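Chain IDs A, B, C and D follow the sequence of writing; residue 1 opens each chain.
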Amino acid sequence: MGNTFGHLFRITTFGESHGGGVGVIIDGCPPRLEISIDEIQFELDRRRPGQSKITTPRKEADQCEVLSGLFEGKTLGTPIAILVRNKDTRPQDYSEMAHTYRPSHADATYDAKYGIRNWQGGGRSSARETIGRVAAGAIAKKILKQAGVEIIGYVKRIKDLEGAVNPDTVTLEQVESNIVRCPDADCAERMIDLIEQIGRQGDSIGGVVECVARGVPAGLGMPVFDKLEADLAKGVMSLPASKGFEIGSGFAGTLLTGSEHNDEFYTDEQGQIRTVTNRSGGVQGGISNSENILIRVAFKPTATIRKEQRTVTTDGTETVLAAKGRHDPCVLPRAVPMVEAMMAIVLCDHLLRQRGQCGK
Amino acid sequence: MGNTFGHLFRITTFGESHGGGVGVIIDGCPPRLEISIDEIQFELDRRRPGQSKITTPRKEADQCEVLSGLFEGKTLGTPIAILVRNKDTRPQDYSEMAHTYRPSHADATYDAKYGIRNWQGGGRSSARETIGRVAAGAIAKKILKQAGVEIIGYVKRIKDLEGAVNPDTVTLEQVESNIVRCPDADCAERMIDLIEQIGRQGDSIGGVVECVARGVPAGLGMPVFDKLEADLAKGVMSLPASKGFEIGSGFAGTLLTGSEHNDEFYTDEQGQIRTVTNRSGGVQGGISNSENILIRVAFKPTATIRKEQRTVTTDGTETVLAAKGRHDPCVLPRAVPMVEAMMAIVLCDHLLRQRGQCGK
Amino acid sequence: MGNTFGHLFRITTFGESHGGGVGVIIDGCPPRLEISIDEIQFELDRRRPGQSKITTPRKEADQCEVLSGLFEGKTLGTPIAILVRNKDTRPQDYSEMAHTYRPSHADATYDAKYGIRNWQGGGRSSARETIGRVAAGAIAKKILKQAGVEIIGYVKRIKDLEGAVNPDTVTLEQVESNIVRCPDADCAERMIDLIEQIGRQGDSIGGVVECVARGVPAGLGMPVFDKLEADLAKGVMSLPASKGFEIGSGFAGTLLTGSEHNDEFYTDEQGQIRTVTNRSGGVQGGISNSENILIRVAFKPTATIRKEQRTVTTDGTETVLAAKGRHDPCVLPRAVPMVEAMMAIVLCDHLLRQRGQCGK
Amino acid sequence: MGNTFGHLFRITTFGESHGGGVGVIIDGCPPRLEISIDEIQFELDRRRPGQSKITTPRKEADQCEVLSGLFEGKTLGTPIAILVRNKDTRPQDYSEMAHTYRPSHADATYDAKYGIRNWQGGGRSSARETIGRVAAGAIAKKILKQAGVEIIGYVKRIKDLEGAVNPDTVTLEQVESNIVRCPDADCAERMIDLIEQIGRQGDSIGGVVECVARGVPAGLGMPVFDKLEADLAKGVMSLPASKGFEIGSGFAGTLLTGSEHNDEFYTDEQGQIRTVTNRSGGVQGGISNSENILIRVAFKPTATIRKEQRTVTTDGTETVLAAKGRHDPCVLPRAVPMVEAMMAIVLCDHLLRQRGQCGK
């Protein structure tokens, strides 16, 4: 259960890291949208492993096949099914996992929940599951683009190295200009060095991805359970390794007084009602106010490390384990397109819901 | 839209701050559960305004009526409808709101979304909406209690005053022993002083609520979109004024390396597989691991302040506004039962879903 | 579970025949719709018992109260909660039901499912549950009316007495011109006589309600599971006492060949593509084609009869039972507004869904 | 939208008749269920075209591939994705469809809804869409079998030829003993002759499929919208070409009085509460009563015929059309596994929902 996300623009993902493949069904996509395989593959390439020296050396082309829902380069309005075959599996890398639980992985909880587990990899908890999300996100982004909305994510912080980035002006080109996806070029250098150093130690690190949506019209979102920030939180907190979520001022905002924190209104030169500050992060009462929507997501250090750790076998016997497979010392660079995808899917769903209920 | 939450244990809330009343329909509650009106009212009383000198002086008894779903003190398995009438309304306090947008409130976004707004209060964004959640939470807590699960929330921080609380041992009695609901008695005193001082200034402050679930069996949650942390994040990020969410190590965990962060396994004296640390916050891969589930929620300073602020009218004319109504200088003490309620509803829903799919 | 219906225009009903009351929450209603209590009450009055000599003599005013979602005569876009209090209960009429199962009622299945039952009436299986549906239907009808859609139901057949009615021209006035709601005045007389005669015998009869939607734009509905006829079938088959559903040619259409059954296309004087016949019932491939949508619903004879019947007690002891309460000898006249309501709710939901996905 | 069905046992289908393939994702399947590809393929073979002289001569092996969710012959509890590739397409058979609407097909309504259409076949309205349903049904049947439930469908009537079949004793072997799937051998002969004769004329015929579920425990279903008969109606009315649905006495039951129609209770030799008759069709108040659940579905004559028919082109020009492709003169034999699949999916979903809410 729980493999479907969204209400009108709705995605369902499937697939384990090992087996026939992974993919997604996108239901509710507006018809007649022009979208090419290349646009989808572009995002998958940003997500795939082996793309640079700081990601896992596993080589997976992650070439996608669109099984349905497209005709002559346009969406039909019917389900778009996208499949990526699994390749380059090395089950021997995982044989120990059949009997030994990896610390801070889902092996033990899978056994507790299902009483069965495909130990030849991470199962549904593998980062490969996010392939379907990223593919769906590419389509959501295209819909949003036509509505004037642009979504840009980037690495804000690696461990304690924090980049200086202006979310109001940052561009995709800046993000993609280096392999760590931090638009602050100087900081990016230091981040890359740190990741390489940690990787050589057989250890791992985490950090924070920030993501901005610009051009979102006022009025998206709902006042109660489906607040925009609530759906965004659910979307990104369902990504592997995420441990925290903020919108706008976030946790730091709790250190201000109301008079310091409130976003005062003014009318701009175009006669639009705007806010002087944006501590709300573009959302007030769960509904977008046309200011930039700004979120941050905390990703823990990768659980798979080559250092030896204390653990237990499936029958409870204590033992030690050191990962042998090929893994990312830091998921952050590859998490950027994932966060963007979830933000795009949430906003696209709310765009259609708003049109459905309120007719605009 | 978006007024329903949960999949098997499912709640739908209704009602504005002004009008006939507010309430909830709880669908999917197991039958034959013993629950009294007093148990529901107990939680509503923890939430209601006017309960102490540091909450709004509005006097609202918030007496609930159960319209359906109970018979001779037990649940029928059919929808439980609970209604709380609105009282003590002073529309004159709000007349200015018909034409002037309150900064960091939802007035402007409601107009953008719906093109209409009940200006006699906060509408669905009023904290009164949470009455339905807290009532439903009382029932969810009772179901969880029978499954051995206990949920305790408390104020962890007010502005920069942080209490020392052990989530593994904290009790409801400790939480309820002071009006700010911080179990660290010394810190609580300082918090109360600070809230009173800020209130006298016509300003407001925020902080952090922490909430723990103890005794959760391993196996609750889902591996992908409906990860336990994702549903918890959605639940609490849909509460008014929340700006951030963390589980386990949260944002601070991003400063550790993997070898520092991972929760190593061991087998305890009862032969149970446990983790040495709990940076995962009781959830691995979206599924509970039987350790305590620990979350934190950031609440911004109350938007309503008596200080004069710059704003605009509905037609865009710039003006100033100072709130005249009776409001909380700090929502945190009353947010505690709200966070507990959302956590209880999420865990109860997953308990039933797990039983449905996996039969245990 | 299962007390919610609809996807964008979504209703949740609550309440038993005995207890505080029954009602509905309507979520997803478009904002700024003008709707008065009188318009809702009009439909409830068509549904209520005691409205004529051929319905149950129970007197229930069924006066509705709108608790939320309306402001100055217009919808707010937020949940509309409607409550009708229970009155005129005579629990003594039902005391035997605590221990004896009524044949073809839900008493026994409730006990099997929930292990508990409010024996003071029919619980959720009471026709009172449909109050919420009819109230929601009044609002759905108003939305549809603004889109040019009109829904008219009527009694087509009572037992073997079948009225001659033209669904393309029948009017509400014709339907309401007699107490049995059959627009064929001559047949209506005979139907009324038959119902009275059967009622005097302490027995009951059933029949068929037909319902037409005129002016439905082409394009509503979905090609697969949410076909218009599938959602209509679910809607009306969830009404108490319904045993069968047809759209267009229905079961009789299975006696024709394809060349006899197919609806050939032509272009009318306005240049619109139309069909010569309408055996499809206004829906092709699950999607409306702008022809009139025509459905029929079979309602069994009322289960409650004053004749003595063989039955068992809750502990399985065989006994006999004859109903003592006041009941309808025929539900058909009161079923007409129920069928209309469900058809309106389904079409309204699909209207909003179509606008959401396809933008028109 | 609308490509997902079910609440806990939930399927999502994808794919057009032309393109990469068709398939299904099954979410919520209980873990550790033993299921083989052969068991799934068995049902697909009952559905596939070209299986006998009375079905379309199109040869489609419809070989399925399980992409995920199975491991070493058992379900993992995660999504089961099943893909069947498209083959043997003859787009030239359909070229006329690009510009000419086939009577009683969905071509025109697709254009009205989406403004775009894959004219190389029936798109989502193709019977190929049901491959995913039948594959999912095979799994649902296996789950039900372990709960003691058996589902058997058969052709009850072809045009006016009605077979004599006892739903309480009919076996799968009897159904599969002839190519028309009517267990009344004599009638089956006449049905086959009639279908061949009609096929030679380039025409088509319809009929009625009856389907029984035996061994269903009492207590499945819901009292209001998700009544068992409502979900069954939706399930089968979403199949291509279905025009009507009945449960138990159906439309014929409306000709009886209440005293004739009611199912009196008695206690059988095992002490079980049973009903003397089964006009309720195994469901009372939306909930199963442990008697056999019996439904009937009307299927119209196949819309595709080789006889010349009046129609219009996409720009409204009147013309004539005679189908050239290879089609079934009667869908009934292949509809049997489709009806069984939908009934199995509905019952399986309610089995899990009942366990979730009521714990049994």
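Following the convention adopted for this analysis, a contact is a pair of C-beta atoms (placed from the backbone, for glycine too) under 8 Å apart; a residue touches a chain by one contact, two chains touch by 3 or more.
These numbers were taken from a predicted model, which means no experiment stands behind them.
Peer 1: From the centre of chain C, which chain's CA centre is farthest?
Peer 2: Measuring from the centre of chain C, the most distant chain centre belongs to A.
Peer 1: Comparing C-D against B-C, which pair counts more contacting C-beta pairs?
Peer 2: C-D
Peer 1: In whole angstrom, how far does the Cα centroid of chain C sit from the Cα centroid of chain D?
Peer 2: Averaging C-alpha atoms per chain gives centres 26 Å apart.
Peer 1: Measure off the straight-line distance from the CA centroid of chain B to the CA centroid of chain D, and report it in whole Å.
Peer 2: Spacing between the chain centres: roughly 45 Å.
Peer 1: Centroid from C-alpha atoms only, then distance chain B to chain C, rounded to Å. What do you get?
Peer 2: Each chain reduced to its C-alpha mean, chain B and chain C end up 39 Å apart.
Peer 1: Which chain B residues reach two or more other chains?
Peer 2: 1-4, 7-8, 13, 28, 31, 77-78, 113-115, 123-124, 223, 353, 357-358
Peer 1: Touching residues of chain D toward chain C in the complex: what are they?
Peer 2: 1-5, 7, 13, 101, 103-106, 108-110, 112-115, 123-125, 129, 157, 159-160, 198, 203-208, 218-227, 229-235, 237-238, 240, 242-251, 253-267, 271, 273, 275-276, 279-281, 283-290, 298-305, 307, 309-312, 316-318, 353-354, 357-358
Peer 1: Which positions of chain A touch chain C when the two form their complex?
Peer 2: Of all residues in chain A, those touching chain C are 7-8, 28-31, 77-78, 223, 352-353, 355-359.
Peer 1: For chain D, which residues are in contact with chain A within the complex?
Peer 2: Residues in contact with chain A: 1-4, 8, 10, 12-16, 19-23, 25, 27-28, 31-32, 65-71, 74-81, 83, 113-118, 123-124.
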